[in-house]
Amino acid sequence: MENLFSQGLPLALFGIGVVFIFLCLLILATRAMSALAARFAPAAGTAPAETSPSHLPPAQMAAIIAAITLHRARRGAAA
Amino acid sequence: MENLFSQGLPLALFGIGVVFIFLCLLILATRAMSALAARFAPAAGTAPAETSPSHLPPAQMAAIIAAITLHRARRGAAA
Amino acid sequence: MENLFSQGLPLALFGIGVVFIFLCLLILATRAMSALAARFAPAAGTAPAETSPSHLPPAQMAAIIAAITLHRARRGAAA
Amino acid sequence: MEQWHALWQGTGLVQFEWQQAVMLLICLGLLYLAIHRKFEPLLLLPIAFGGLLANIPGVEIATGDGILRQLYEIGLATSIFPLLIFMGVGALTDFGPLLANPRTMLLGAAAQVGIFATLLGALLLSDLGLFDFSLQQAAAIAIIGGADGPTSLYLASVLAPELLGAIAIAAYSYMALVPLIQPPVALALTTAKERRIRMSGQREVRRIEKILFPLLLLMLTALLVPAAAPLLGMFCFGNLMRESGVVKRLTDTAQNSLVNIVTILLGLAVGSRLAADQFLVPATLGILLLGLFAFAAGTAAGVLMAKLMNRLSRNPINPLIGAAGVSAVPMAARTVHRLGKQADPENFLLMHAMGPNVAGVIGSAIAAGILIRLAG
Amino acid sequence: MEQWHALWQGTGLVQFEWQQAVMLLICLGLLYLAIHRKFEPLLLLPIAFGGLLANIPGVEIATGDGILRQLYEIGLATSIFPLLIFMGVGALTDFGPLLANPRTMLLGAAAQVGIFATLLGALLLSDLGLFDFSLQQAAAIAIIGGADGPTSLYLASVLAPELLGAIAIAAYSYMALVPLIQPPVALALTTAKERRIRMSGQREVRRIEKILFPLLLLMLTALLVPAAAPLLGMFCFGNLMRESGVVKRLTDTAQNSLVNIVTILLGLAVGSRLAADQFLVPATLGILLLGLFAFAAGTAAGVLMAKLMNRLSRNPINPLIGAAGVSAVPMAARTVHRLGKQADPENFLLMHAMGPNVAGVIGSAIAAGILIRLAG
Amino acid sequence: MEQWHALWQGTGLVQFEWQQAVMLLICLGLLYLAIHRKFEPLLLLPIAFGGLLANIPGVEIATGDGILRQLYEIGLATSIFPLLIFMGVGALTDFGPLLANPRTMLLGAAAQVGIFATLLGALLLSDLGLFDFSLQQAAAIAIIGGADGPTSLYLASVLAPELLGAIAIAAYSYMALVPLIQPPVALALTTAKERRIRMSGQREVRRIEKILFPLLLLMLTALLVPAAAPLLGMFCFGNLMRESGVVKRLTDTAQNSLVNIVTILLGLAVGSRLAADQFLVPATLGILLLGLFAFAAGTAAGVLMAKLMNRLSRNPINPLIGAAGVSAVPMAARTVHRLGKQADPENFLLMHAMGPNVAGVIGSAIAAGILIRLAG
């Protein structure tokens, strides 16, 4: 029986069609969103790289190092 | 029918009463505990801030930094 | 009735016997594996200590410190 | 063409009902508050996003075998998630300020008046026919006045799971609004002179006191209000891990990865209760009104108790710190600190407000136990 | 002596069947690829080790009350594990390159041709009598062409759990093989001149765009393909946590401990489906063949779409980046980058390829939703 | 007044029975040992705290729908928690010292004599009518001699869940007491001259050996004692993740957040078995006695085997390291090291003791498999 392929063909065409429609609409929506963002949030600046996957962000790192240095300096003064 | 409020009134008075009784007893118990602690563990000192939520406690941090410094010093000496 | 102990005795002897047989075979298999490894992977070198349980391996640590130092140096130059 | 019709029928475009559209807007509004206004984002962001997912028609997410429904059944219907969060809160709590000044526990007790006043308020609204809250529901709503997220979720999951969504929204929103809700109440009930009262430095607390306190608290709970023992037990467990100092790797996990994982899953599970048919009901309006009343009443009771204590004691306390008794850790303590600084720029109330603040956590957990016992 | 006999009967020596021995060898081979060749080791190592455990005779591990079976029931039969992984992937995804150049989404759409071509291929093989795939099974196999692990596992768990083992092996193996599979296809369909096309720098993207995009994507999904909402919903949730910047501790957990824990458990659960009686079937061979075809077809469609876009637009794009539309993040983008450098050492395509790369993730999730809706 | 009566009836004051009070004291004692004496605090602290919660009357915590009961059902009744912990232990284990000197595995085998001697001891006590242990129970008690927490919990959960609380307390307490239990036994069986035997440095072990060893161990287990495959399989999986070096983020999670989360939940779940009606039974006394005997017997057997090996080999080993064969990683190895230093301040046995130490983990897992097979 050959009806699986013939059953699937419209499904496949339909499927890829919906994928294209979806992503085309997403392109339009994204462009509209970006345009609105540029108009209403002009000073917002670019996204900072603040979601680094590292456990210790550099700022926190620097703070810790500063704290240790201070701690040592105090110890040194006391010694 | 108004019996929900009249049903709830003693419950509410009772409830706030128990909360007060509980916390008053907790005050007394805490004071007794602190007094006993002061008598029987006089030299124990204050609680060190050793449960910091940071991933790397300063001590470990200092150890790591010291290790790296040492490692570099050795490398430098070898180079 | 004393049949629990007499029921268990052969079980115990058997059990410790299997443990010994298993670990003796494991010794032989391990030696064979090590010999094969020495023959077929001579240049592989020793296992690096790369699975340290620390959150920040020294290398990454060093990299972060270097990055901060650089960042500060740049800032200093800009100031 | 058949597929096009089937898919068209499957789209949200066809299936959306206006209630779901309203809920999507509400959830987007909550996301705005969480992200832009930083309203308790750790919980409100997952809850609101869960709410978005729960209102998408044509697919099982918060119903049937959907993931949010499963998370709800796994963690909320069983009360496991709120209790694990409470353990994490315990591991993050420092009882030092409370141990240095135990009498401030009275402020944590007084602020729970908000809970019981709200209970009566809810019952009154039912008697008046404005709403139709049962005693269980009224109790679950009242606990919003405890200003403590996990306690509210726990009690709601036990007494009134059908109201869980609205109660969670009210509890976390009003906690975020503490800097707006508390000042007018606290200012109205205090004079400028009272607000300028300075409090002396706190004594240092021994490690052994910090270790024994959670055990003492658990034992007292076991003796007097065992119904509060699941909540306070998990809380004390987290705190003992922290203060014992011998299980640092467990403490670190309880404070970080464990509590974060559970927060994500809990938030989504709570969000599943924001489906339109459950949330867009008159009761939600009542819950929001009563929750606001509860926060205000608790704040007032805390401040008035502080003033009463000043009448009876020679060692004066700044009545503002009574407002911190509602919990809302650490937002209420910070609000108190800010009000104190407005009255006198050199007045530092933060540490003094932390005592009643954590006492409020204990007080509302005890209140939850009582409500379970008597209304459950 | 009785014990010796009982234990002897209990040993693997007696109970092993040749199929199990073959599976052990296959799993050891997969471990070799994962460890020595670094074939997607994060998934293939746990899957292959789970496969070893699943083929040990004489003990319940992947069956009955065994731990792998329980993990399967907890996390795969419920679809919870793939969805949580997808949340983590969302938290690790940067939509910046896509937002800078939205039209590259078309490449992410085109590459999904591989999915639907494979669907037809699987049905054709069934019609020819070579294999016996149902429509559901063909759909689950076809999604391998999406080149996205969690999406494949999710669809397989919904439509054809009996094929889950083979589909997972094919999906992750071919993702690892992307540097071998894609170049011949991409080179055959492009001229050297095309491959030398340079693309200009990307504009910087605002934070607000990155925050709004996951919400936009979710809303469009809810309107048009709600069946894809569980997948894309969790993905957008992870991404919104990341981009909102207000829940860093949750983002960190979603990117690290949560996704790692689920990866370990998911890998073992998938491994439970490598038991000989499920894996050593003719269907597996068909799945491996069709999976390879799917990757090649998707690559070809992406490249051809890029060439078509160049015909219709004045602003040319390097057709190689069409190959990145299959997903396989970030392997496909890196492969594209490498091919670009071979044609012109100063051509940097990596960032430009990341746009279609993440668009491919969206495209295959949408395709999965359609397949669930129409074949489910 | 009615409420006062209801609450009064609900208080622990009324409901406490003396057995529960005794259990609370025992659990407080265990907390003292865990916190002040640092007796295996990672497990004993959660277990003892769980025990406190389990003995609070008037509320469901370890019974009904209580959280400890649910954790027990989720993780212990299913054996999932001990197996996940064992995976984490595998990820933390370095087989290097064992691979450098494989013959020390014999010491890890010999020390398991303690397990089987204890099995006979338990059966003898039953025959004498002093206790009433079934064969299953005797086997679960005997494994305490394996000095390995997860193995003991796993076997108890499979063979005798009703004894799980007492077995866990005995296993972890005696592991903590290894520095007190082992020295008298080891000193009695060795001469000062033997204890001064120095052992030469170990050869360096190749990475490939460390990668292949867990696979070898698993294959041998599958062939000979498949009943041990769940335990050793998870252990080898953790170790392979570690040694492969290609899944560092998974290894890190398995060593840290995953094992810590499971430890917390497992500890509470075990604590649920310390309810007075289960723990205050004669069997507990027998378990504590037999557990002590098991540790002593295992230590003796390990030391004697080392002496026997010295008779048969030219390359002498310090017989103290035989004591490390009981496992109790790394406590036993450290104890051996300390005894060696007492005999000769320049004798460094730590690394040499790690070989039998980890071999003891393998040995007791094999013994557990045999006991499941023959007594299960």
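A, B, C, D, E and F are the chain letters, set down in written order, and residue numbers restart from 1 in every chain.
Basically, contacts are C-beta pairs under 8 Å (C-beta built on N, C-alpha and C of every residue); 3 or more make two chains touch, one makes a residue touch a chain.
Treat the numbers as computed from the prediction; the structure is a model and nothing was measured.
**Q** When every step has to jump to a touching chain, what is the lowest number of steps that links chain C to chain D?
**A** The least step count works out to 2.
**Q** For the interfaces C-F and D-F, which has the higher count of C-beta pairs in contact?
**A** By number of C-beta pairs in contact, C-F is the larger.
**Q** Measuring from the mean C-alpha position of chain A to the mean C-alpha position of chain E, what distance in angstrom results?
**A** Chain centres of chain A and chain E, defined by C-alpha means, are spaced 20 Å apart.
**Q** For chain A and chain F, let me know how many angstrom lie between their CA-based centres, rounded off.
**A** A distance of 45 Å separates the two centres.
**Q** In whole angstrom, how far does the Cα centroid of chain C sit from the Cα centroid of chain E?
**A** 31
**Q** Could you grab the centroid distance between chain A and chain B? Build each centroid from C-alpha atoms only and quote it in angstrom.
**A** 37
**Q** By the touch rule stated above, which residues of chain E touch at least two different other chains?
**A** 3, 7, 221, 224-225, 245, 252, 256-257, 261, 370, 374
**Q** Multi-chain contacts only, two chains or more: what residues does chain A have there?
**A** Those would be 11, 14, 18, 55-56, 65.
**Q** Under the touch definition given earlier, write down the residues of chain E that touch chain D in their complex.
**A** Per the stated touch rule, the residues are 78-80, 83, 87, 211, 215, 218-219, 221-227, 229-230, 233-234, 236-237, 240-241, 244-247, 249-250, 252-254, 256-258, 261, 370, 373-374.
**Q** Sort out for me which residues of chain E touch chain F in the complex.
**A** Going through chain E, the ones touching chain F are 3, 6-7, 10-13, 15-16, 24, 28, 31, 34-35, 38, 41-42, 45-46, 49, 52-53, 56-59, 61, 65-67, 70-71, 256-257, 260-261, 263-264, 268.
**Q** Please name which positions on chain C make contact with chain F in the complex.
**A** It is residues 1-5, 7-9, 11-16, 18-27, 29-31, 33-34, 37-38, 41, 44-48, 50-51, 53, 55 of chain C that touch chain F.
**Q** Going by the contact rule set out above, which residues of chain D touch chain B in the complex?
**A** Going through chain D, the ones touching chain B are 92, 96, 99, 102-103, 105-106, 108-110, 112-113, 115-117, 119-120, 123-124, 126-127, 135, 138, 204-210, 212-213, 216-217, 220-221, 224-225, 242-243, 245, 248, 251-252, 255-256, 359, 362-363, 366-367, 370-371, 374-375.
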